[in-house]
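In the part that follows, the structures are each spelled out as structure tokens.
The following pair of complexes shares a single chain, subunit A, combined with subunit B in the former and subunit C in the latter.
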Partner chain A sequence: MNALDYLQFVLAPQVVNGLALGVAVVLVALGLTIIFGMLDVINMSHGEFYAIGAYAALALGAAGINFWFLLVLVPILMVPLGMAAERLLIRPVFDSKDRHVTTLLVTFGLALVVEDLLKVVFGPNTQRPPTPIPGATELAGIIVPNYRLFLIVVGAAIVSAVAYVVYRTRLGAMVRAAAFDRNMAASLGVPVALVYAGTFAFGVALAGLAGVLLAPIYSVFPTMGRDFILLAFTVVIVGGMGSIWGAVVAGLLLTQVQALASLVISPVWTDPIVFGTMVAFLVFRPQGLFGRLGHA
Partner chain B sequence: MLTISGLHSHYGLSHVIQGIDLAAAPGEVIGIFGRNGVGKTTLLKTIAGWVKPTEGAITLSGQSLNGLAPDRICLSGVGLVPEDRRIFPGLTVEENLQLGLLQVRGRAAKAERAAIDQIYDRFPRLGERRRQLGTTLSGGEQQMLAMARVLVGEPRLVLVDEPSEGLAPMIVAEVFAIVRELRERGCIVLLVEQNVHEALSVTDRFVVIERGRIVLSGDAEDAEDREKLLAALAV
Partner chain C sequence: MRDRLTNAMRASHVLALIFVAGALALAVIGAATGDTFYLRLGTEALIFAGLALSVDLLLGYSGALSLGQALYFGVGAYVSALTLLKVPSFWLAMLAAGGATLVASIIGGLIANRVRGVYFALITFGLAQVVSKVVYNTRELGASDGMIGIPVIDIGFGPFSVSAGNPVGFFLIVLAIIMGLYWLTAYLLDTPFGRVLTALKANEKRVPFLGYSVWRARMFSYVLAGLIAGLSGALYPMLRGFVSPELMFFATSGNAVISVILGGVGTLIGAIYGSVLLVVLKSIIGSWTEHHLIVIGLIFMICVMFLPKGLIGFIRPRLEERLSEKTPDATPLTSVSLQPGSAKP
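Showing the complex of A and B:
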């Protein structure tokens, strides 16, 4: 195989696959990093909210609801779920001295409960909704599945929209102000309790949206949240906990590293490379590539 | 009208405010003096809702502020310029000002823009730096921004804590000019200040706090009261 063929038939498809996975990881990591940046809460149940979104899409899709409508409906349905989780589980322990540990344990407990509930309700088997956009497109000689192209475009649009809201609107300024200094923000009229609940619910809705979008590619099974969230956590840590742009850059970089490394070494070793990067960041650059929400 | 009666508040186990009574009419500037750690800042924080009162009542124009969250207190017409300015690090000058607009709900976008433009006319340096992060401003400019953030709303009571701390004399004069402006607007101003001589130039009345209680009060224009004040503070 000459260099051009290698580029066209091996390297380029791998880059595109890595890009699609990167966008998927960024979508899951986005809600996680916003919740961390805003509330200083490491939401261990974020993966399960992603799974709930995927199962909701599966169940509602089976009931005959159109996939395109689900893209709007599921995130909306996730909002009250997020509000309830924040109100019942986060807020009661939010002001405790060891907030980080307590919220981490509470959300980890929630994750275990949700995972088992999904097993009980939907069974332990893997299910896969039909691909909403079948077929593939040839781009410069590379065959790319249409749904993955759609995912890349929609993912980029969602990240841009979220970044616009957070960094370019008054609502975003309120969120960032409350993240920096909740007392001062409140004294200027920012309804901090509502902003916190809304941010948590927004993060959960984003996880649900990621679930709907990724279900046709990665299938739906009760532990799907746990499996995917490890990569999302890595992205959040490497990107800088709380940074939207950090999550984007780290998500795309790490998944490219994973995709390209698997061309030259056994795929078994790609996970240690990615998680080793996370450990290296925690030791040598704990703030990640970018700072916290609002600093980015 | 601001009425504070029998106010007590705690910081953990520490009983900081131990029974304060104070009343102020619209357009009145009250200087709050005393040594460090006597409870001046805690008094302002209690009024602003950062510290919950354990006893007593705070009312503004007949509306009780007791137990309200700080954002509800803000909406009741209370503005706060805190001791360390508390400019939000990741927000631009304009964004900091936009948050100040939240005090008045339902204002039309045009009116909001006009309010911010008025601030830029009043403080041209802020206008020039509107897209800059607030924390990249000089200390004096940050103090102007902290005060402008309150001015852009429609406060009836403004709590100002140590506004001249660490600032050059020219900036201090500007800060007190803003306090005068607030008075002319009919705001009640509670001014905590270490720079007593300068502060007396803008205050109508003063109180001295010691160990969480008012131990002296007087008229800022009255020579005898001023002498008592300076003697009490040994300045």
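Showing the complex of A and C:
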């Protein structure tokens, strides 16, 4: 096999698949990093919200609701869930002495409960909704499934929209102000409690949206959140907790490392590499590639 | 002179004695009825109590949440298993496991103690993930199946010898070891060096001004915790006859954290009670549904939110009051300010 064939049939498909996974990871990490950057809360149950989104898409899809409608409906349904979680679980311990540890523990408990609830309601088996866009397209000699192309495009659009809202709108400025100095923001008329609940719900809705988008590719099973969240956490740490661009850059880089490394070494060894990167970053650059949101 | 911390530790010791009495009663009943199942379950609960103890030492005293303490538990278990497969000697296995976890926790401590707070939690989590994935993929260590067929050993004490296959005998040995580790930890925390650890949790910024090294104190507590976890883990293959990578997974570390929260953070004995409580809860709930995590998760959340000092933290202050009434030289509760969390920066 000559070098050009290797490029076309081995390397390029791997890069494209890595890109699709990268977009997926970025979508999950986005909500995680926003919740950390704005609320200073480590949401250990984020993966379970992602799973809830995927199961909601599965159940509602089976009930005959169109996939395109679900893309809007499921995130909207996730908002009250996120609001309730913030109000009932995060708010009571928000001002405790060690907020990081306490909120981490509470959301860890929530993750245990939700994962088991999903098992009770939907059973332990892996399910897979039908692909909404079948077929594949040939791009410069590389065959790519249409849905993955769609995912890459939509993912890029979502990330850009979120970044626009956070950095360029009045609403985003209010949210960042509330994150930076709660009391000052409140005295300037920002409804801080509502902003906090809304931010958490927004992060949760993003996780739900990621669940809807990724269910046709990565299947749906009760522990799907746990498996995926480890990668998302790594992305958030490497990118810098609370940084949107950091999450994007780190997400795409890490999944490319994973995809390309699996060509050279056995794929089972890519996990230690990814987590090793996370540890290395925590040791040498705990703030990640980029600084954190609202504290620039 | 006795201050509030000494008094609190005395209250823990009283609860520890009650615990030992309860465990001995279980051993007697078990021996009388010829029971194996409950004694084995109790032994396992005690082994995991050692892991919980190490988590509490870090979280309750130096204030560092470790989400990867199962790493050292697993290292201890694997080294013990490897030793037992070569030489079936209890003492050699414990020595090898202790030595290996000592080295591992010094390396881990050098990495993890560069950061603090939430980054510490995530780095310990990441370290355990890396090592468990490596073990999971290493064929020499049995990969995902783990290692089976670890021989049942005889544990010799001079002229006496107890088989690890004897439910009562091994239960008592594990009880002695875990309570020994508890006592050792409590003793070390009561020394001036232990007070530096408590000071770290109360106000880390002031500790260097008083002339103490923060890094040294954190490192010491981390290595001690790793050693406790490793020695507890070393007992696991003797009980079950196998080791598997699950011992290093997050679920194991998570269970230890749950035990500590249920029992009471910063009470030491609470970790041991919590571990037993978790096993009891799991088997009671498990008898009518396999979905015990829903109930345990709910109880855990309630504990974190409404009972932050856990079961023992709820009982102990009452016991402390009674103890300080009996001992007139104890400083009154109200006049002491060296209480975790009372000093604000």
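Just so it is clear, the second predicted complex is superposed on the first by the 293 of 296 C-alpha atoms of A that agree within 3 Å, B and C clash if a C-alpha of one lies under 4 Å from a C-alpha of the other, contacts with A are read in each partner's own complex, and residues count from 1 in each chain.
Keep in mind that, in the parts below, a contact is a pair of C-beta atoms (placed from the backbone, for glycine too) under 8 Å apart; a residue touches a chain by one contact, two chains touch by 3 or more.
This is a predicted model, so every value here is computed, not measured.
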Which partner, subunit B or subunit C, touches more subunit A residues: C
Touched partner set for A:Leu104, first subunit B, second subunit C, both or neither: second
Partner chain in contact with A:Ala186 - subunit B first, subunit C second, else both or neither: first
Which of subunit B and subunit C A:Gly208 touches, first, second, both or neither: neither
Which of subunit B and subunit C A:Gly47 touches, first, second, both or neither: neither
Contacts on subunit A seen with subunit B and repeated with subunit C across the two complexes: none
In the complex with subunit A, residue positions of subunit C that touch it: 59, 63, 65, 111, 114-115, 117-119, 121-123, 126-127, 129-130, 133-134, 136-137, 254, 257, 261, 291-294, 296-298, 300-301, 304-305, 308, 341
Of all residues in subunit B, those that touch subunit A in their complex: 48-50, 69-71, 73-75, 78-80, 82, 86, 88-91, 95, 98-100, 102-103, 149, 153
Footprint of subunit B on subunit A - complex, ascending: 170, 173-174, 176-177, 180-181, 183-193, 293-295
Interface residues, subunit A side, partner subunit C - complex: 42, 89, 92-93, 96-98, 100-102, 104-106, 108-113, 115-117, 119-120, 230, 233-234, 237, 266, 268-269, 271-272, 275-276, 278-279, 282-283, 286
